[in-house]
Each structure stands twice: as C-alpha cells, then as structure tokens.
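In what follows, subunit A forms one complex with subunit B and a second complex with subunit C.
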Partner chain A sequence: MTRVPAAAGFGVALVLALTGCGILPAAPSPAPTDFVPSPSQSPGEMTGALSPDGFSAAQRMSVRVRNIGCGFLATGSGFALDEHTLVTNKHVVDNAKIIEVSTYDGRVIQATAASTTTIADIAIVTTEEPLGTSYASRAEADPAEGDVITIVGYPSGGRLTTTSGVVLGTTTDPLAAAAGSVLASTAIVEPGSSGSAVFNAAGEVVGVVYAKNNSEQSFIVPISTLNALLDEPSLLVPDTEGCSS
Partner chain B sequence: MTEQVPPNAGSPVSKSSEVPDFAQTPTAHWAPTYSDPPTITIPVVLPLNQHARVWMLLSGVLGIMLIAALVIVGYLWNVNGKWQDQVTSLTTTGYDLGDRLADHQKQIDQLESTNGLLTDQLATAKDKVLNLSDEKAQWSDQTAFAQQQVDLLTQQVTEAQDVLIKLGRCVEGEQQLVEYLGTVDQYSPTQVEQYRNSVAGLCASASAAQAEFQRSLTE
Partner chain C sequence: MTADARPTNTGPTNPVPSNPAPDAVGTSALKAPRASGKGWLVAALVVACLAVVGLTALTSYLWTVHEQYVAQNQELRDAARELGTDVAATRAALEEVQADLDETTAQLDVAKDTINGLANSEAQAGDDRLALIDVADGLQQCAEARQDLIDHLNESSRWTPESLAASERSITRYCDGVEDAYDEVVNG
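After this line comes the complex of A and B, so read on.
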C-alpha cells in the first residue's frame, strides 16, 4: 500500500518538474556582435542617381545641329542613338555642305554622313568622333493622349532648354510631307527645336519634334515611325552633300 | 530476516528463523506442557499508523520538492547572471551606438550643409557650362557665317577681277583702234573693220560680265 502513493508522488513531482522546466526562463541567446546593418544599395545604384557631371541623361544625349549650306546657315536639334549615330529632322540637314554637331558641354563634332527618308521628316546622321556617353532609350509604343512629355533641345539655336507639355492626340501631318499620322502636343517649341527628342515620364524617347503651328502647338514624329525606319534601313537614302544650285 | 505480513492476514507478526515450525513437526512427543512453555522470541514490528505514513510521504515529497526548488533556484541564478551580463553588454553597446549615432548625425548635418552648398555650386556650374556652350555655338555660327561671307567676297573679288580684265582688254582694244584710225592709210579698210569688230566683241563681253557682276552684287 505505501509503494503506490510514493510512486504517485514521485510521478507528480516528475511531472511538475518537467512542466516547471517549460515555464522557466531560458538563458539569453548569444547577443549579435554587430548591430550595424550592411547597406542594401549603394548610392550609385539608386533610381535617379546623379550623373558624373550633374547633367541629366536627356541633356547629355541632346545635340545642336549646325547646317552650313551654300550661302545659308541653319541650326536644329538632335539626339544620340549610339556613340556615332544621331537622329534629327530631314529639313535640318537639307542642302548641307557641312554638318556640325555641338554637344551640351560645348564639344563640336563633324558629321561624316547623313541619310534621309521620304516617309517622315527624319534624318540619321553619323559621326566619326564619339557623341558622348548617354544614348536614347526608345519606347516601344507611342504616347497616348494626355501623356506628359518633355522636350530637350536648342530652340532658336540658343542654349539647351527643357520644356514640357501634354500629348493632344494623333493628327495628319500639317506640312503634308510625312506619311502616316503624327502627334500634336502643347509643348512650346521654336525654330531650332526641330529634331529634339521627346521623352515620356520614364525617360524613354517617344518621338521627334519637327514642326509647330501658330497656335503654339508642336508636332512630333511618333517613335513607332522612327522604330520602323531604324528597323528597315532600306527606307533611308544617303543624303548627298553639296550645293544643289 | 523478517517478513512483512500483510495487514489483512490477522495480527501482523514477524517470526524469527530460530522459531521451530510446529506446524510441520511431527507431534508424537508434542504435548502441551503448560508448566514449561517453550521460550519463543518474536520481534514484533508495530504497524505505523496512518498519520505517520502520510507524514513520511509528505516528507519525501517535500524533500523532493526542496531538491527541485534548489535546482531551480540554481538554474535561475545562473540564468539571471547571464541575463544581467547580456543587459550590461547591451547597455554598453547601446551607449556606444548612441555615441556613434550622434557622431554620424553631426556628420550628416555637416554633409547636408556641404551638400546644399555643392548643389548650389553645381547648379551654377551647370548654368555656366550651358551658357559657355551656347556662347561657343553662337561664335561658331558667326565664324561659319563669316567664313561664308569671306567665301562670297572672295568669289566677288574674283568675278570683279575678271570683269576688270575684260574691261581692260576692251579699253586697250579701243586705244589700239584709235591708233589704227590715226594711221588708217597703213591698213586696209577691211583690216580696220575686222579689228573694230573684234574690239566691239571684247567690249560687249566686258559689259556683259560687268552687268552680271552687278547683278550678283544686288542678290
């Protein structure tokens, strides 16, 4: 008769001991040796990181085009597609004897050749000397009505200028020179802005400025047309330099 | 050697091993003799009463619990020491981090101030670069335009020299014709007429060149 209560008591004590160990506070785990987290992103990797010289990519890829013709001098704008290729308007380089390109930082580069097309007011100019380090990222689709756009160029042949506007929609070419539709926008441009790159909010090129009207509306060759031209080089014809008259 | 007798088997007795087993011994000579009873030593273990057993059990349990409590106290003492060590370490680390944070905050303030200044300087420098680039472009335009003007003037001077040469030949021809007419008896009329026509052609060409030159000047 005395063994049963003893065993029961021992069992109860054991259960209490085991369950008691469960509610006892544990010893602290080893403290971390370093409380300073490692940086997850370097400043250079952040979105909108500064450029090496403080100018934006859009400014660095924009160029001023000087057309030294036979008895005339004209200026326009353009933007770099790659190290040796830039895009501008056909009417900017028409009848050129010499084409010179000025970069945002004042470098003057001689153009070696130009190609134009009849389906749009677009010219592709090549250079031997590198244009710079920033090149255009072309969008896949045209901007929609109401999209905010930014134009970077050299209005009136003056200093590099940035202006913004809104896409009004597609329309026919007011100059009746281009095939297909073009875009109209509220961005104010001037003579000399022709060939300026049009950027969307993501910094992609969505068109090329080529004209304006008396209502201060600007007209843009859509990026789809430029992409089609670049995808089909046979549509571009080398422009013969020299004086036609 | 004793044997515990179950409590329900009558009076609990313990029998010594020296006690003869009367139950198994033949009883031929056995007869109870009341005058001389055998001496039997029977150690008797008195039964524990219920309270004693409870107290023993309680004492055992309490003893176990005391031992367990002592173990727990020792364990808690150890854990407490470790926690106190870690708290001390963390407090030291906290103060160290606080000092470093304060230093960094001070550096951030200084860097923000410097950054603001550099941002202004960068904006000014960018503006200056754009202005200088624009000035250079304008100068290049003017140079290109001036070169065009020089080319045009050079072309005009060349054309003027050509006109002057033609006019000079015309004048020389006219002067020679005057001399021929002064000594007309030395030449046949046909020769004089041919020379007059030749001079007229030269002068007509000079006049045409002069007219073309004047027209080009007015363009």
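After this line comes the complex of A and C, so read on.
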C-alpha cells in the first residue's frame, strides 16, 4: 500500500512532464541568412521594352518601296520576310524600270528581282544588300472579325507611320482582281500604304494592305493567301524589268 | 529513552491495546496506520521533490528559450533595420535610375523622330532627284526636238508649211508638258 501514492505521484509528474513538453515553446529556429531574391521580369520582356535602337520590330522590318518606271514614279510600302526578301503589292512594282527600297533608318537598297502572281495583289521582291535584322513572323491563321490590327507603312510616301483598326470581316475583292476573299478593316490607309504589313496583337503578320475605299475602309490580303503563295513558289512569276508600253 | 519509559505488558496505565490480539492478523492490523502515514509522507516528499525538480527544469528551460528568443529578436531587428536601410537606399537609387531612364526614353523618342524625319527627307529627296532627272531628260528631249525643228526650218524648202507647223505644235505640247512637270517637282 505504501507504493501506491509514490507511484501515483510519479505518474502524475510524468504525465505533467510529458504533456507539459507538448505546450512548451520550442527554441527559436536559426534566423535566415541566405536571402535569395525571386527572379523579377527581365527589362527586355516588359511592356515598352526597348529595342536595340528604340524602333519596334514592326517598324524595323517595314520598308518604303520606290517604283521608278517609264515616265512615272510611284511609292508603296513593304516588309521584310528575311534578310534579302520583302513582300509588297503587285501594283506597287508594276511596270517598274528600277525598284528601290528605303529602310526605316534611311538606307536605300536596290531590288534585284520581283515576282508577282495573278491570284492576289502580292509581289515578292529580292535585294542584294541585306534589308536589316528584323523580319516578319507570319501568323498561321487569318484574323477574326473584331480583332484589333496594327498597320505599319509609309502612307503617301511620307514618314513611317503606325495606325490601328479593327477587322470588319471577309469580303470579296472590291477591285475584282484577286481570287478568293479579302479582309476589310477600319484602319485608315492612304495611297503609299499599299504593301504595308498588318500585325495582330502578338506582333505576327496577319495580312498585307492593298486597297481602300471612299468609306475609309482598308482592304487586306489575308495571311493565308500569302502563306499559300510562299508555300507554292510556282504561283509566283518573275516580273520582267522595263516598261510595258 | 529510559527504562521507565519502556512499555510493558502489565499495568492499568497502558491503554493500548485494550484487547489482546488473538492471532498474527490482529497484530498486523494494529501496525498499519503508522506505515500508511509514512508512505503518504514519503510520497508527498517525492512528489514535492519531483515538482521542485520539474519546476526548476521547466523554469530553466523557459528562461533559456526566452533568452534565445530575445537574442534572436534583437538579431532580427538589427537585420531588419539593416535591410530597411538597404531597401531605402535601393529605392532612392531606383528612383534616380528611373528618372534617368525617363529622360533617356524621352531623348530616344526625339532621336527616333529625328531619324524618321531624316529618313523621310532622304526618301523625298530621292524622289525629287529622280523626278528632276526625269524632267531633265524631258528638257533634253525638248531641246533636241526644238533643234531638229530649227534644222527643219533652216531647210524649210524641203518641208511643207503644214508639216512644219504640225511638228512645231507637237514639240511645243511636249515641252509644255515637261515644263509643267518641272513646276510640279519644284513647287510641289
């Protein structure tokens, strides 16, 4: 009988000790010393990020096309597909004796050849000198109705200009010269804008400007047509230099 | 203890036990109250000792932990103060850099506009140069045509007046067109 209280006391003390350890505060863990900053957004990826010279890729790939014909001089726009190839409109280079290309930074480059097609108002022009370092990234699909587009070109043969608009939808060629449908948009263009690249929000080329109407609507050769032409070179016929008449 | 104090089995002064125990069981029952009291005392002492030891250990532990927390708190405060100072300095530097960047961006915009303007001037000058070359070619053809007309007039006997007049009208019309083109190039 004498062991019972002692055992009870010991048991109570043990229980208290064990349960007490559970609610006792633990010693502080070591203070952190290795602060590693989480990676922030690279300045090059931020909105409004600077390009090597402050011009956007769309501006750097855009060119002014000068058609020196027999007794006339015409200007249009175009954009670089690669170092020596650019896209413009067929009517921009029609009846050309000499084709010259001016880049956004004022360089003048002589074209060496031009190819056109009858299925769309598209011409592919090649140059001997490099056009620059920024080239078009072509979209896979045409823009949808309501999509916002941006056009970069040389309206009226003047300064490099950027305009925006919305795709109104597909329509038939108002000039009845091209096969298939074309796109209409609200972007305002001028003579000289012909051949301008049309960009989507991702900066991809989704078409080529080629006409306008009196309602200030612009008409665009869709990128699907350009892609089909570039995938099938036999559809492009070399333009012979000289004057047709 | 003296001999008088030693307990005896006889005599009326001894009150306990009042009845002799018939057997050993009764003898044991008589000794139990004293043993139980000692047991409780021992148990209480053990518990008290354990409590004292436990409380001492607990207090010691809590004190140690408290000291560690106080020390780390101070360490963290120092680190926070240092980091706060660094952050303030970094923010000030960032504001300066941002201001520089804004100024540079504005200068870049001006430079871009200038480049665009110069490129446009270059292109317009190229257009004008080509147009003037075209006009010069036209003027040269005009001059050559008029020289031919003069030559024909010098030998007017070989040509009918009607053909000479028609030739003059044609040349004049052509030269007027060239002059109009020249005016358009020069005056815009």
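Here is the rule we use: the second predicted complex is superposed on the first by the 233 of 245 C-alpha atoms of A that agree within 3 Å, B and C clash if a C-alpha of one lies under 4 Å from a C-alpha of the other, contacts with A are read in each partner's own complex, and residues count from 1 in each chain.
Keep in mind that, in the parts below, contacts are C-beta pairs under 8 Å (C-beta built on N, C-alpha and C of every residue); 3 or more make two chains touch, one makes a residue touch a chain.
Here the structure is a predicted model, which is why all the values come from computation and not from measurement.
With the two structures aligned on subunit A, subunit B clashes with subunit C. Applying the stated contact rule after C-alpha superposition, one finds that A:Thr75 touches each of subunit B and subunit C. In the superposition on chain A, A:Asp105 makes contact with both subunit B and subunit C. With both structures placed on the common chain, the touch criterion links A:Ile23 to neither subunit B nor subunit C. Within the superposed three-chain model, A:Ala202 lies out of touch with both subunit B and subunit C [touch as defined at top].
In the superposed model, A:Ala176 lies in contact with neither subunit B nor subunit C.
In the superposition on chain A, A:Ala31 makes contact with both subunit B and subunit C.
Touch criterion met: A:Arg64 reaches subunit B and subunit C at once.
Annotation: subunit A residues 1-2, 5-6, 9-10, 12-13, 16-17, 20, 24-28, 31, 53-55, 64, 66, 68, 71, 73, 75, 100, 102-106, 108, 154, 157-160 touch subunit B in one complex and subunit C in the other. The touching residues of subunit A, when paired with subunit C in their complex, are 1-6, 8-10, 12-13, 16-17, 20, 24-28, 31, 50, 53-55, 64, 66, 68, 71, 73, 75, 100, 102-106, 108, 154, 157-160. Listing the residues of subunit A that touch subunit B in their complex gives 1-2, 5-6, 9-10, 12-13, 16-17, 20, 24-28, 31, 35-36, 53-55, 64, 66, 68, 71-73, 75, 98, 100, 102-106, 108, 154, 157-160. Subunit B meets subunit A in the complex at residues 7, 53, 56-57, 60-61, 64-65, 68, 72, 75-76, 78-79, 82-83, 86, 89-90, 93, 97, 122, 125-126, 129-134, 136-138, 140-141, 144-145, 148, 152. Only residues 32, 35-36, 38-40, 42-44, 46-47, 50-51, 54, 58, 61-62, 64-65, 68-69, 72, 75-76, 79, 105, 108-109, 111-112, 115-120, 122-124, 126-127, 130-131, 134 of subunit C touch subunit A when the two sit together in their complex.
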